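Below are two complexes that have chain A in common, paired first with chain B and then with chain C.
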Partner chain A sequence: MGEMIKVTMPKWGLSMVKGTVNDWVVDEGDEVEKGQELVEIETDKIANVLESPGEGVLYRIVAQPGEVLPVSALLGVITQGEVDEAELESYIAEAQAAAAAAAADEAPDPLTINRRLDWEGLTIRYLDSEEGERPLICLHGFGGDKNNWQFNLAALAPNRRVLAPDFPSHGDSTVSAEHSSPLAYAKMVSAMIDQLELGQVDLVGHSMGGLVALLVARESPAKVGALTLLAPAGIGTEINAGYVDGFATANSRNELKALAVQLFADKEMVSRQMVADLLKYKRLDGVEGALVQLAGTLHSGGKQSEDLSSVAQSVPTKIFWGKADEILAVSNCAQLSGVDVEQLECGHMAHMEAADVVNKHLT
Partner chain B sequence: MSLSESKLLQAYRKMRQIRAFEDRVHDEFATGEIPGFVHLYAGEEASAVGFCMHLNDEDRIASTHRGHGHCIAKGVEINGMMSEIYGRRNGTCAGKGGSMHIADLEKGMMGANGIVGAGPPLICGAGLAAKFRKNGAVAIAFVGDGGSNQGTTLESLNLATVWNLPCIFVAENNGYAESTGSKWSVSCENIADRAAAFGMPGVVVDGHDFFAVYEVAGEAIKRAREGGGPTLIECKLNRYYGHFEGDAQTYRGVDEVKKVKESKDCLMLFSKRVTEQGLLTQAQLDAIDKEVAAEIEASVEHAKSSAKPTAADLMTDVYVSYP
Partner chain C sequence: MARELTFKDAINEALAQEMARDETVIAMGEDNVGGMGAEGEIDAWGGVLGVTKGLHAKVGDRIMDTPITESAFIGAAAGAAACGMRPVAELMFIDFMGVCFDQIFNQAAKFKYMFGGKAETPLVVRTMIGAGLRAASQHSQCLYPIFTHIPGLKVVIPSTPYDAKGLMIQSIRDNDPVIFCEHKSLYGLKGEVPEGSYAIPFNEANVVREGGDVTVVAIGMMVHKALEAATALAKEGIQCEVIDPRTTSPLDLDTIIESVENTGRLVVVDESNPRCSMAADISAQVTEQAFSSLKGPVRMVTAPHCPPPFSDVLEDLYIPSPEKIAEAVRTLK
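And now, the complex of A and B:
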């Protein structure tokens, strides 16, 4: 059995992903040299002739004129020496399978799509990895958005389905003061589980998102498997009310920077871009009013409004808490018994600051 | 002008490395594994090597979108370049630049450049720095015939004379700005003729002939090092591949490239001359060909098996603080 050389759909230019096979310039059975013109290929921008990648006999034409095929798809096979038909067939099948797998790799990452669903007349934006079992919904904190899970979603997606919504008045979802409370957000999550037919889900909630997760578990216990809470609100009574109220009303770069550094143990993690994005969000119409109202539901008189420790004790729950948390002090869980609490060397943003530990648990 | 045996071997090796590198990237790009865009330098090797053989790491060069040859000639490491073109983390620029942005300041390579005509202003800065530092360094900008028509190039020619900078402007005229013929788009017979308007010497040289380029380059670089100011040099040469990979080149004549390869190929001319004059043996050249082929093969394997940048790498290398 001699050598076999694949003739494949080339990549030409900057943006070519597929090409149309036009006429073959040589026939099956013709001898060809390296560099000899083989087949005309056309794309949106380019019409050119593919040159032979090697020397031999064009033993088999696989792609027929008119076919549209992705880059690297098998177009034909050049052989040198004796040919074993069975081996040739399996060679072609293998090459086509490899090309199909490569094409699948090129498909857009489902997590990059900004999806939408409607809830009570609002548009809720969310990310969804689409594939996989054991759906996990990731719930961001006060003033955050779905992109706070940037270090987690892609890492978890190979092992399970992950989803991350923007709560109303956050991220790209509709701003609505009326729908801005932890209880309203819990209803939204419950509606999301129904609309997307997710069945029972696990929830991971950060800060206010942790409180929302506890509320979903309390209101709709059948829909919730396990909870993972990252520096959650709703456990204990301590809260940095100055941060919450300050964030709701801050409208300059300097104010936001001074607040954002309180989120991280390593202050260097606060980038210019992060502050610029927060400022852009804070300047959206209606956001400030909605956040002020939301802040009012989270604390009164400097203490948290609601303690849901009993919910955490009734559902399989794991809590991660940063020892250097300046927003919700780790001492909030001091009195909590019967729940697995792991303290970490980080600030308020465990999912970013200690992503590996959190991801390992969530996998 | 005479070159030692080791210099001759070095020149041949560099030219062969560039040719083998570009031929291989041509094949690999077509498989779709290389992201972005590549423009190949094959056919023009004598120009990059003829100039860079005179340079040390203190000297700076600025390149073009067709920059692989200049990188190799200036001493940028080949494995790093191949990884860079493949977008890998161990590439020259951590896989973030790709073909058109390979830069290696330690080697004095200020960068390939996606902007046509962007190199000349850069070397005016490098030339001014060398002048202030009095370190005897020179700066060279390679531009194409298209780049030679850009305002940036013409302004730089003026500035270099006004400030008497140690700069050399090399117009690599391969006959086409993308698909537009230079015979049509360049206003004068020779790009080098424009030098007179800026009060500097202008020289035309056959860019297929390494020895001719090396000699002309040596004179200009010596003059610049000694405070004699800038020079404009036009290398007339040919590119073997299209403007970009996939270019159908319908603007070129039938067998145009074939004829050039048969009659003016820079590696062929070099080999013929050194063997006929008994300066090197064919066996020496064959040995280099073999070593370079293995080196390029290894660089492709190395690149393909290297890791890609991670999401966290996005936030690094965005700003640089110069000392």
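And now, the complex of A and C:
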């Protein structure tokens, strides 16, 4: 067995922590000289060509164009003389493990990683703090996404594991009208619990996410510990159907702004950026069709389609509800007995408008 | 957290996604594949600055290299569009458009009108605009006002990677001929771009920055210069509202006038030469339709009325700068 030389991600400048692999200038199997140009590497400051650390044959390209890798990650292997495939494989595995261990020392905040899992052929994107006991899954509302929990996840993560998915047709998950109903979303959550081997979880659901949480508790009671519901659908029958249908079809900044202000007691919370982000989401191919269909599963004839109050009564449940909620009125829980309901001085977005109260309960 | 792409890659992704979605979408141009037919050279180049690089591997011969015959392949693309295809033809530099004016002005733009509305021409002509690359006056002009002048054409000038992808997708899906202008100095600009397909409707200006003192309308690369000027002016207590029309035909005049009704002051920034420019056009339309809202004259910040110079020093002076924009804004306060 001859010599093996590692080609690794260079560190160009003090601030470089990662680089993007662009095109390889040489092919697998090519002979290379020391100092010969091998592969184009791009950082946020500079694009340059990495030179060969030695001479031999570029026997294996490990990093493919487009990959973003940390400094010192293995990009390829140059060999001299005879090559034993098995030895090469273990050499690559060792080098990658060493680079991963080095990178782990400077691991990014796990909540900044846009993770993915596959469910029924769709890509589901989610956030996960990874560490901690008592996993809590946060379920967003109609037209929302995992970033709606921006004031909650980081606050809760030191005390317990938190996860937040984008439902199908929401956020960064695959758009699929076929998979857009509260029941389908409940199945997705149940599959997520299984795939990530979370065991029993607590659920916090906002608005439609509350309805999804109730459905998970009904369909898979063994997987659910406690429920926290924020202005949930599925309790009572009143709903602002005009908002739901309007949001599904709105296609301009002005239309969306007029709708978004209904979410908050303090209308100033609706920023330009929030409306711009909503518009970007609404314009993704297929989103409007999926939301129109989803809206149809949430209400009919101006009333909510399903009342799951009995589920809330059978599982440990805490409900927060804003007194100024214009989407799902707080009067929806007037008839609900045996469940702890706390009314707050806010609108529909308790997890944003009254984050401290909600976080304290969830800690 | 969201994924970032360069302006160039955003256009490439729009083409790849639309070509995957709809097999009537085809692409052609000089070196679009890059050495097609030459051994070992397949998919090598991808246009002058590599915008279509890698597409041949994804869509095969639905992307084609053409001879250096703009009049022939732009005409062919217009004809293909009238016969049910959705061609995206790249005409390297807008400066070269002169050799195929007839195909664009008299054929593609007129089909719908000449044939009683029965013919549709879903043609996209991609082309590079703008100065700053030391490429002299036949490769550096901003000639979009000429195309804006022609009824039947739509003219698109994106300023961000997000807009570039969404407007390219809309251009391909649109049933009229579109001149899609890519400022070459923007190709390396990075920004958040969703992975999925999305279309940004034409005739929708983007309010890039809100402010109550002066409305600054800026196009293409000039949006970034205007934003720089706005940041500097904010420190002096002047709040600019920066508006990017994104399409000059159709032009979303409503958004501009709505802003002027609030600020009473307008500066239009355009990298084109001043005579018959977008700056002149927007200035005239606002003056005619919202005269009573204006508290002062409309200011135009444009290139001077001369070809883009080859001298580095002169070219830098030729392009409207944030300083010149700020200066124009200050004259109104």
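Criterion: the second predicted complex is superposed on the first by the 258 of 363 C-alpha atoms of A that agree within 3 Å, B and C clash if a C-alpha of one lies under 4 Å from a C-alpha of the other, contacts with A are read in each partner's own complex, and residues count from 1 in each chain.
Convention: a contact is a pair of C-beta atoms (placed from the backbone, for glycine too) under 8 Å apart; a residue touches a chain by one contact, two chains touch by 3 or more.
Quantities reported herein were computed from a predicted structural model and do not represent experimental measurements.
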| item | value |
| --- | --- |
| Chain B versus chain C as contact partner of A:Asn114, first or second or both or neither | second |
| Partner chain(s) touched by A:Pro10 [first = chain B, second = chain C, both, neither] | first |
| Which superposed partner A:Pro53 touches (first chain B, second chain C, both, neither) | first |
| Touching partner for A:Ser252 - first (chain B), second (chain C), both, neither | second |
| First (chain B), second (chain C), both or neither touched by A:Val71 | first |
| Contacts of A:Ala177 with chain B and chain C, given as first, second, both or neither | neither |
| Touch count on chain A, higher of chain B and chain C | B |
| Contacts of A:Asp285 with chain B and chain C, given as first, second, both or neither | second |
| Touched partner set for A:Gln150, first chain B, second chain C, both or neither | first |
| Chain A residues contacted in one complex by chain B, in the other by chain C | none |
| Residue numbers on chain B that touch chain A, as the complex places them | 27, 29-32, 34, 36-37, 244-248, 311-312, 315 |
| Chain C residues touching chain A - in the complex, by the definition given at the top | 1-2, 162, 166, 190, 194-201, 204, 207, 210 |
| Residue ranges of chain A in contact with chain C within the complex | 44, 112, 114, 172, 175, 251-253, 272, 280, 283-285 |
| Complex contacts: residues of chain A adjacent to chain B | 8-14, 16, 46-49, 53, 71-72, 102, 150-151, 154, 271 |
